[in-house]
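In what follows, structures are represented as structure tokens.
Paired with subunit B in one complex and with subunit C in the other, subunit A is shared by the two complexes that follow.
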Partner chain A sequence: MSSIRSFLLNRLVFVIPQLFGILMIAFFLVKTIPGDPAVLMLGPNATDASVAALRTKLGLDQSVVQQFWIFVTNLAKGDLGTSWQTTRPVLEDLFQRFPATLELVTFGLLSAILIGIPMGLASALKLGIWGKISNTYGLIVGALPDFWLGLVMIFVFYTLLQWAPAPFGRIDMIVIPPATVTGSMVLDSLIAGNWEALVSALQHLLLPALTLGIVASGPIQRMTQSMVESTLDAGFSRYQVISGLPTQMVVKNALKNALPSIITIISVLYGYLLGGAVLVETVFSWGGAGQYAVQGVLNSDVFPVLGFVLFASIFSLLVYFIVDVLYFLIDPRAGS
Partner chain B sequence: MKNTGVSIPTVNRRAAATGFLETLFDVFRVRPSFAVGYAIVFLSIAVAILAPWLAPYDPIQTNGSMALRPPSAEHWFGTDAVGMDIFSRTLYAPRVDITIALFGTTISALIGSLLGAWVGYFSNTRSLNSKIGFVVMRIADVMQSFPVFVFAIALVASLGQSMSSVVAAIAFVNTPIYLRLMRSQVVVIRERLFVQAAIVAGISELKIIIRHILPNAMGPIMAQFSVNIAWSILLTAGLSFIGAGVRPPTPELGSMIAGGFQNIVTGQWWPSVIPGSVLAVIVSGFTLVGASIETLTNKDKMKKLSLDIAMHKRGER
Partner chain C sequence: MSVAVKISESALTASESPSRDQDKPVVSVRSLSVEFPRLSGAPTVAVRDLDLDIRPQEVVGLVGESGAGKTTLARSLLGLPPSPGHITAGRFVFDDKDIFGLSAEGIRQVRGRDISMVVSNPRDELNPLKPVGEQIATVARVHLGLSRREARQRAFDILKAVQIPDPERRMKALPHELSGGMAQRIVIAIALVCSPRFIVSDDATSGLDVTVQAQILQLLKELILKRDSSLLFITRDIGVAAHFCDRTAIMFKGEIMEIGGRDSLFLTPRHPYTIGLMSAFCHNDRLRQVWSTQNEQIEVPAGHGGCPYADRCPNASQTCLDQRPELKQVAEGHYVRCHYEVAR
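Moving on, here comes the complex of A and B:
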């Protein structure tokens, strides 16, 4: 057990400088975007004097390095700054929006796993026509633009068939949303026992989550296929076959050996989708954190971008951390 | 030197050429998806080059009286909200997308793999170079833990919205991939005998890296390259879709999809579904070519391929 502890400690030592580096790059990058927040906040009719006064108030008249220092000291006090677009503290905005993104990405990834792993197994085991279908599926699906797939979904299931609700937001306007506990509409409605809200939330979640799920199932399918194929080719699998073990057991053992790689690709996808889901968020007017950050970039609103980058990085690091722990649990060799 | 009577065999060019074609044919027969991939890539590049001669209309010519017409004999793919011919725009659009992706990926592959080779060669050597390499890898860590899309948008916004900014953004976000890939290759190759021999022979480090290590590490890089072009086309289109890439009216697939976004809810599917399908086809073409290159550079997959060809031929007889 000492090996796992030293490994985790080693990991933690790198986390803080890494987060600092991420914030630093993000800060200087966003600061180089042309456009003066003070001018944008006050509108085109502002006088030069009022703009200058606001610049002083926001600390914009100081050097970028000083501004970064102010940001970091405020961050240490738990203040992520204020967005000039929503005129609210970024931390509050993110507490509202990040769970929305997380809900979308988590459900998307779950459906990707449910689609990807069985299909990967089907093509690795060459299950006749299913194997061929999964093969083609894996190659094509990864090439689909997710934002376009979302549009096609809306066209088919909303415009044509009228099965899905209008692609605006996370719940019907007329339905009273449940009290916020976890930030996930689905979980909150469950906790509140509000069935009407639950149904509406699930209906709204279905298309965007499926869009992400279909696109993300491609890499999972391919990884499952190639890993199971190569473990089935390995000596120990052949030995099991020669020894007369039932095929099911051989496949089960192969899958267990392929699992670390599959978990890795899932964790990478999780981190990627947090930021990558922004296009799907836009298509479905999801109101998530990615959308918030992109609006920030496009309107030189610095703090939402930094807040999102911070949240997303911490979350990705957390996921990678959990994956490392999972490795230890799955594969005893990982500790040595 | 006396003539020893041994005739040096010369290459029969025609036989070599037909042999190559036969092999290609054999490969395509057992892996039809590869053929599809190459066909798509060649076709889309040809269309991109020949667009001015193929397009029936000016791609940026608006026509208010012909707005949002469904596909017809006159306008094969219909017209968009301002009356531009979608077929002509779709023919022109791959020019922008493929060019941006190609340039961005090439730049990142060059910088990333050279840097990766250098870092890999000196890693764990207790030299100053090794320490610099460590710093480079940590910078790559930081860059990769960034949310890619937000990073790319911020880069484009910072550099000013233009094609070259999108190229720079793509080059930037892809470089760490090649850096890592090359480093992991070189760390292994460095230990092989021929490199040790070159070191003993006193060849300079730069020459060892370029002449002896790089050629042996190129396989996975090439496979990654084609897959990466596919991904970069998606990124370019995604950036334009969100309004941070190529601006309309320049014909570009992502901005075309964005332009038709509002119409889809009211039932006019053609302005965004058609460019989206074309985008998907082009991207899958490059992905399939990537898969074929990966097969060529992977010993196990190559073995399986030759086995499949042999089985196929036996089945014919």
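Moving on, here comes the complex of A and C:
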């Protein structure tokens, strides 16, 4: 157990430099996007003098390196800058919006796991027609663009069938949302015991989460299939068959041996979905951090973008950290 | 062949085992054929029309080079011929049960409980994520319907029986923490934990040091005799078979070329291939030369229907290409498949 502690401490030491590197790259990339916030803020009728004055006030007349340094020193004080669109501190905006994104991505990933792993098993075990369906499904789904799938879902389940509510926001306008505790509409409704809100929140969550889930279930299905196939073909699985263990038991052990790779792909997908959610959020007017960041990019509003990058990377690193702990729990060889 | 007599004398150990010819065989294989389909053309025959009887407490060796069909035979006896091979003909009667006639579930219950297998590369054959004690106990629990505690106790007892030092601690060890010899003992423990009546050892000790190999073979044999089991001992090393087995079968291209009791076979080998195998272990260049050069006076066409060894046999003649030799008795319990078996 001491090996796990030293390993994890080792990982923690690298978190700060990792975040710094990510922010630096993001900062310089965002700065290369053309567009002057001062011009956008003051509108088309502003005089050159007032634009220049605002640029000085915002620090835009300084070099990019100096601007980055100012950003980092402010960050160290807990100040992520202010969005000129919402005129509120980015940190506040993100605290308000990030849970919405996280809720969407988490439920999306959960549905991807619930779809992907059984389908991967079905195709690895060649369960007749189900195996073939899963195999084709895995091939097709990985190639679908998520925003397009979202639009198709809206067309089918809202426009045609009227099963789903209008793709606008996280809860019905007429339903009073529960008090914010976790930031997740579903969990908060549960905590408040507000069934009407819970049903409405789940209804709104279903399509966008399923959109992300279907797209992400492709890689999970593929990984599960190939890993379970190879572990079933490994000597130890064959020896279990030779020893007369029931098929169920052999498959369970094979899946357990395949799990580290499946967890790896899931953790990578978590980070990927966080980025991918940006488009799906826009399609469903989700009002989360992804949409906030897109607005920032489109309007030369730098700080929301950087804030989103920072939040997303902290979250991804957290997921990787958890995955490392899981490895230790699954595979006793990991520490040695 | 007086020289061959001399080699086999040197390979023979002093110990003699009593003949149990009167006993009814526990394993009886009749006309077993296993074929591997090919993309085009006729399927490859890995085991052809094979008969084999093994009596209680008997250790039968099966010797042959790579590709002789030894592993295919071993796995076929468990109803698991290596993919994509399949059993095309034959019966396997074990303990008055027709094994190939059983349902999938029926044969699964036989595997590991009545017939078990010791495999080589033991570390790859163990689940890397489970403590070995648990792996042994699982087999006992599944087959004998024991509770977890009883199964653990049984696993512990068998670990002691295979002479693993500090069995208490080894129960919790993971496969990667064990040495090769230790892992081999674990695999033997798994194979023996249900006290099966028939054990197949597939090249089990070939990956080990010679000294460890000797210890483990000794142990395996003791345990098998103590438990009234029988053993089919597959090896490429004819020397080990001479030391270890009551009877030995020599296999070539899916057929048994010669089979006999230890004395008869090793003192008076009758098949040119048997002698060739023995001379390969002998430090005599001339002897090796004579028994491993083919007869160049005859032309061996591909796909002839005769003796499978004809293309490598120093004694081959036209008859060997035209007719497939039958297994014929040359002495008490000693059979040879050759038109021109080597005279004593």
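Everything that follows uses one rule, which is that the second predicted complex is superposed on the first by the 336 of 336 C-alpha atoms of A that agree within 3 Å, B and C clash if a C-alpha of one lies under 4 Å from a C-alpha of the other, contacts with A are read in each partner's own complex, and residues count from 1 in each chain.
The rule is simple: a contact is a pair of C-beta atoms (placed from the backbone, for glycine too) under 8 Å apart; a residue touches a chain by one contact, two chains touch by 3 or more.
Everything numeric in this text was worked out from a predicted model, so none of it was measured.
Colleague: First (subunit B), second (subunit C), both or neither: which does A:Lys256 touch?
Modeller: second
Colleague: By residue count, which of the two partners contacts subunit A more extensively, subunit B or subunit C?
Modeller: B
Colleague: Check the residue A:Leu317 against both partner chains and state whether it touches subunit B (first), subunit C (second), both, or neither.
Modeller: first
Colleague: On the A-aligned overlay, A:Ala234 touches which partner chain: subunit B = first, subunit C = second, or both, or neither?
Modeller: Second partner only, subunit C.
Colleague: Between subunit B (first) and subunit C (second), which does A:Thr73 come into contact with in this model arrangement: first, second, both, or neither?
Modeller: It touches nothing on subunit B or subunit C.
Colleague: With the two structures laid over each other on chain A, which partner does A:Pro145 touch: subunit B (first), subunit C (second), both, or neither?
Modeller: first
Colleague: I'd like to know which partner A:Ile154 touches here: subunit B for first, subunit C for second, both or neither.
Modeller: In the superposition, A:Ile154 contacts subunit B only.
Colleague: In the superposed arrangement, which partner chain does A:Leu245 touch: subunit B (first), subunit C (second), both, or neither?
Modeller: In the superposition, A:Leu245 contacts subunit C only.
Colleague: Touching subunit A in the complex: which residues of subunit C?
Modeller: Where subunit C meets subunit A, its residues are 75, 78, 80, 108-113, 116-117, 119, 121, 124-130, 138-139, 142-143, 174, 176, 187, 190-191.
Colleague: In the complex formed with subunit C, which residues of subunit A make contact?
Modeller: 234-236, 238-246, 249, 253, 256-257, 330-333, 336
Colleague: Under the touch definition given earlier, write down the residues of subunit B that touch subunit A in their complex.
Modeller: Going by the criterion above, the answer is residues 33, 138-139, 141-143, 145-151, 153-155, 157-158, 160, 230, 234, 237-238, 241-244, 254, 257, 261, 264-267, 269, 272-273, 276, 279-280, 283-284, 287-288, 291, 300.
Colleague: Would you pull the subunit A residues touching subunit B in the complex into a rising list?
Modeller: 14, 17-18, 21-22, 25-26, 29-30, 32-34, 136, 139-140, 142-145, 147-148, 151-152, 154-155, 158-160, 166-167, 230, 233, 271-272, 274-276, 278-279, 282-283, 290, 293-294, 297-298, 300, 305, 308-309, 312-313, 316-317
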